[in-house]
């Protein structure tokens, strides 16, 4: 793995240096990213946090912070408002502020997705200045193909620019969606297109859904087109809904080895478990993504609760 | 009851201290909130103020100020423009400025709700600076599920951020509504989702409608999911339309004890009564919410007019 | 009549003092308002100024200024652009700058009314600074119930705030209108709702259409609900289309005595007459509204041309 | 003819003086305006510049500048971007910067006209400061009756205000248009309404289409209502599509004498001719409008090529 | 060829001098432009970069930079975000920052094209200041005839103004498109209209699609109307989808000689080839456009790989 990376240009030396430090921190010195995603309380409201197989711990938002503070994550991505309330008790988590979010209440068959930036970058900078937390970056969800695409592209481009000027990393969640996209959301070629688009926006990482096709090609290999298209923007895959830990790790291992992805961004697969199980899974993910010690070793860590 | 609470981080020491003072004042040192809601002159126009059982006193907006000045409320929430006119004669009421409002004239079957912030936060700060009133916070109504959700989420997020920077509390009225929500406005799981969403916005209190279901589960217990989902954002229930004082208090007592809510936000149940009756009811609410002296004591206060 | 009134709070001492002076001037020391409305050249284009019974004088916009300069009006409300052209020759008229206007070309059955602020308040302040005219206030038309209500509510709230900070009076024309309102524009309860809404915006005066009902209750008495709902915001009635002077005065007298309105805002009934007749009518209105000398005296003034 | 005119008030002495100089220049000391309109390359794309009877010279945009520099026009109205490219070679033309324009590609039956200001007034001021050209004013097209009317009214009002503060003249092209206007675009009463509306915006000149009716009343006389309604805002007529020079002059003469218009704004009738013919026609127009030497003299000038 | 050109006026001397230097660089001293277009990763997502005849090299965005750095292009146009990531390794390419882009996901039959500026000009200026790269200009795509035309015209006008004030060249991609344009996108007269429109915006170069008609007139000759209409704004043709190198050069030669175009803007025809072939083609294009050495010589260069 290449653990070094050049900062984007067009920013001051101080910002560049800060970006380098944040890059090292977010990738834990490995050049790969283990992002713990915790923005679902808006995106899916309370659906992901209660009922079914979901651990009882997950009903309380603090569960997310407890995991993130004890597990070896590269960053914990959630909304600024939540960090403003819990950060005082979890001052060592590397935070990634997710700057836009929407609910899933409007049905996609009638409404193309529209998600706007919540806080201005001036407000983000002000927050960071006073909070004294290790905020390493910002995140933004983009829906290429939505009829509101133009609005989101501009917000994303400006946010990435300003993040870099503050020395922050920029991570884009890129999900093609909307009536024009229909059922092709996970088409490998479309996902590659979205990854390439995000490269043109100048983001440091792009989070995509794992590609799917109907011809039996292994999923991880399909990821290759996206990784190539993204160029220097590093690609990580979303984890999706909860699966068995062993299956999760096997899939991730394939994405890393065959798809050449640069890590993972996982939410539900972590926080829907009890604290103990969540932390064990995070250690296994860290071993795979950051330490690069292989699937077998990762699987053994699952047992060490 | 926990009467202490940490201020949100990401603000200056001076703002944090001012927030603490305002928190103490709004909760009357109890950690729980008795909010008197007086924004219905816009939301319901004159429907709530004349006719039927409504006391004659209520036809005059000053009725609201008379009650709020003599009753032990934690704060009185109304529009800045009304405070600008009456505040000079009621300088000791702790005010919460309700910053957005809409009328109910547009039928929901055709128009999703859209409510915009009236005054900018710069104007609010200017008002506070010159008015010399104990303004303790700001309020904003959010309609998750409306097709204008994105616009309101951004306004709410920015308003909460700026309020905290001014040392003010932020209270969000969170009412899922719109064609996509339909008749599920009071679904317990949806209300919990809205409460969790407001936690991600970073508000200090969220006002929700009491949840309802059709399976005979006691209403107050249904509130538990929302209280959990909201985490450190404290949940208070809206009072709804006028009911008998005794019934109102019983319901509130259950919300506090079984639902673990952090108080109440009531409007019509207070101001639609005569001044004397309204104040008596407020004293009973205060006893229940703030003093935590139990239902029986509260009921006796109703008699002490 | 109460001739004193407290300035809105939340503004500087200098602004408060200036507001007091303007209040005295606009009410001519009486606490009641005689507003001469001259914004119809946009609202009704040229329909009000030529043809039928309209005096030939009215074809020329200067007619408005000639009347306003010679008649005892409390203020003359018209667009800034017209004042910029004629003010140099009429430097003693107390002007109220009407800041939004729309034409009546878009049919209401298809288009809800939308009227935006023309000049920014910074431009208004700049105009006042250089013009050297006695500008006493600003005006804005609000259409509650229009699908553009949210936009207009915000403009109105901000304009009122800024006007007060400049020491200017704020007058809101409040006309419920739009497909959702339909034929109920003059429903007494709805007009009262609009008046109460404007109180929450913090305006000093609200101009409403006279309420109508179908049950034979005298119109003036119907106004009482609005006057109560508006609280400290004073209510004046629009004059409507031209009627006989005697009828106009009788109706106004009833509004003042039975409806407890705080004056009148009349346009067509004044400017559609010849200069001589218009001035005579204005003197009669002034006698009724400002001098409070009763209907009989006012009627005699009609003869003194 | 009245050759003097008071500057609008509400601006600084320096701005007022500059306005006076520009007024004198634009009216060539006559109080009447000969505006050469050259904004059709956007409004009509290339339709007006090639084919049919159009002179070959007109295919090149420089044709407009060649005419304007050699003919006695009061001002030449075109887009800033064109002036930025040709102005260096034509430094003595009095320019009027046309600040909004749209194409005719969207069919009116489906799309109401929407035309937005291109450059901000800050950019215009910056351009003027550096360009060193005699820029005498700015222009803007307004479509009363369009569903985008509100947006354009605000842009126009602010632009006029800011123009006057820079000492520039403001000319409004006022064309009632849109589905609500339909075929009544040239109704005399509607045109008068538009002219009166522009007076309320505070513009110095309003350019209207010549009114038409079906009852055989001479067109020029129909213009009288608009001239009256516009008050101190001076009315000039658009020239329309190309007609025979003699007919053009006769019509203009009638507009001036019978309609009391204050000049003309002509585009195609000038630039669709060869340079020689265009200049000859301009000299005739100048004689009629500015020198007021009568139709006969103007007709003789047509021969002096 | 005329190798000199006057800078636009209305800017400072320093900006004018910088513009001159950039003009010389972008035209390589020839007065003609060879623009290498590399914005398709957004416009066409990954469709242009993998599959079919596309060289394997093209899957990686760095392919674009490798070509641009070794081939004699006048400028390489791509998104700022991509330059921010690769520019550090390719510091000598003359860059043109393409400031707006959209995907092709929304079907044109339902959605008129809407493409918004991504970074503000303040952000662009900040980028240039810190990046230390030879950024020579900015680009923007305009869709005349789209229902979003008004929005794009304003963005384009302001961007061109600000670019000139920074001493940068401004290139507009002008593609009539939308439901109102339908199948007439390549109508010669419409393309000429678009070119003339861009002249009015003040751009330095306009990139148009080659005109087509059905009457057998040679394509290059059809371009003449656009070149004339554009006046001092220089016209270059888009290259379109990949064709045989020899055919590409022949067509370009005709455009230059018969259509009097000022160069070419080509993307897919360059980057879809292997690095070696792409560079060979670029040298041939350079010979034709910049060195003006004729078609025969250009064709021989194709062989010198």
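To keep things simple, chains are lettered A, B, C, D and E as they appear, and every chain counts its residues starting from 1.
Just so it is clear, contacts are C-beta pairs under 8 Å (C-beta built on N, C-alpha and C of every residue); 3 or more make two chains touch, one makes a residue touch a chain.
Note that the structure is a prediction, hence the values are computed from the model and not measured.
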item	value
Both-way neighbours, i.e. chains that touch chain C and touch chain B	none
Equivalent-chain rotation between chain D and chain A, CA atoms, steps of 5 degrees	145
Whole-Å gap between the CA centroids of chain A and chain B	35
Between chain C and chain E, centroid-to-centroid distance (C-alpha), Å	57
Overall pattern in which the protein chains touch one another (line/ring/star/complete/other)	ring
In the complex with chain C, residue positions of chain D that touch it	6, 8-12, 144-145, 147, 149-151, 153-154, 157-158, 160-162, 164-165, 176, 178, 180-181, 189-190, 192-194, 196-197, 199-203, 225, 228-233
Complex contacts: residues of chain B adjacent to chain C	39, 41-42, 45-47, 49-50, 59-62, 78-88, 101-103, 105-107, 110-111, 114-120, 123, 126-128, 130-133
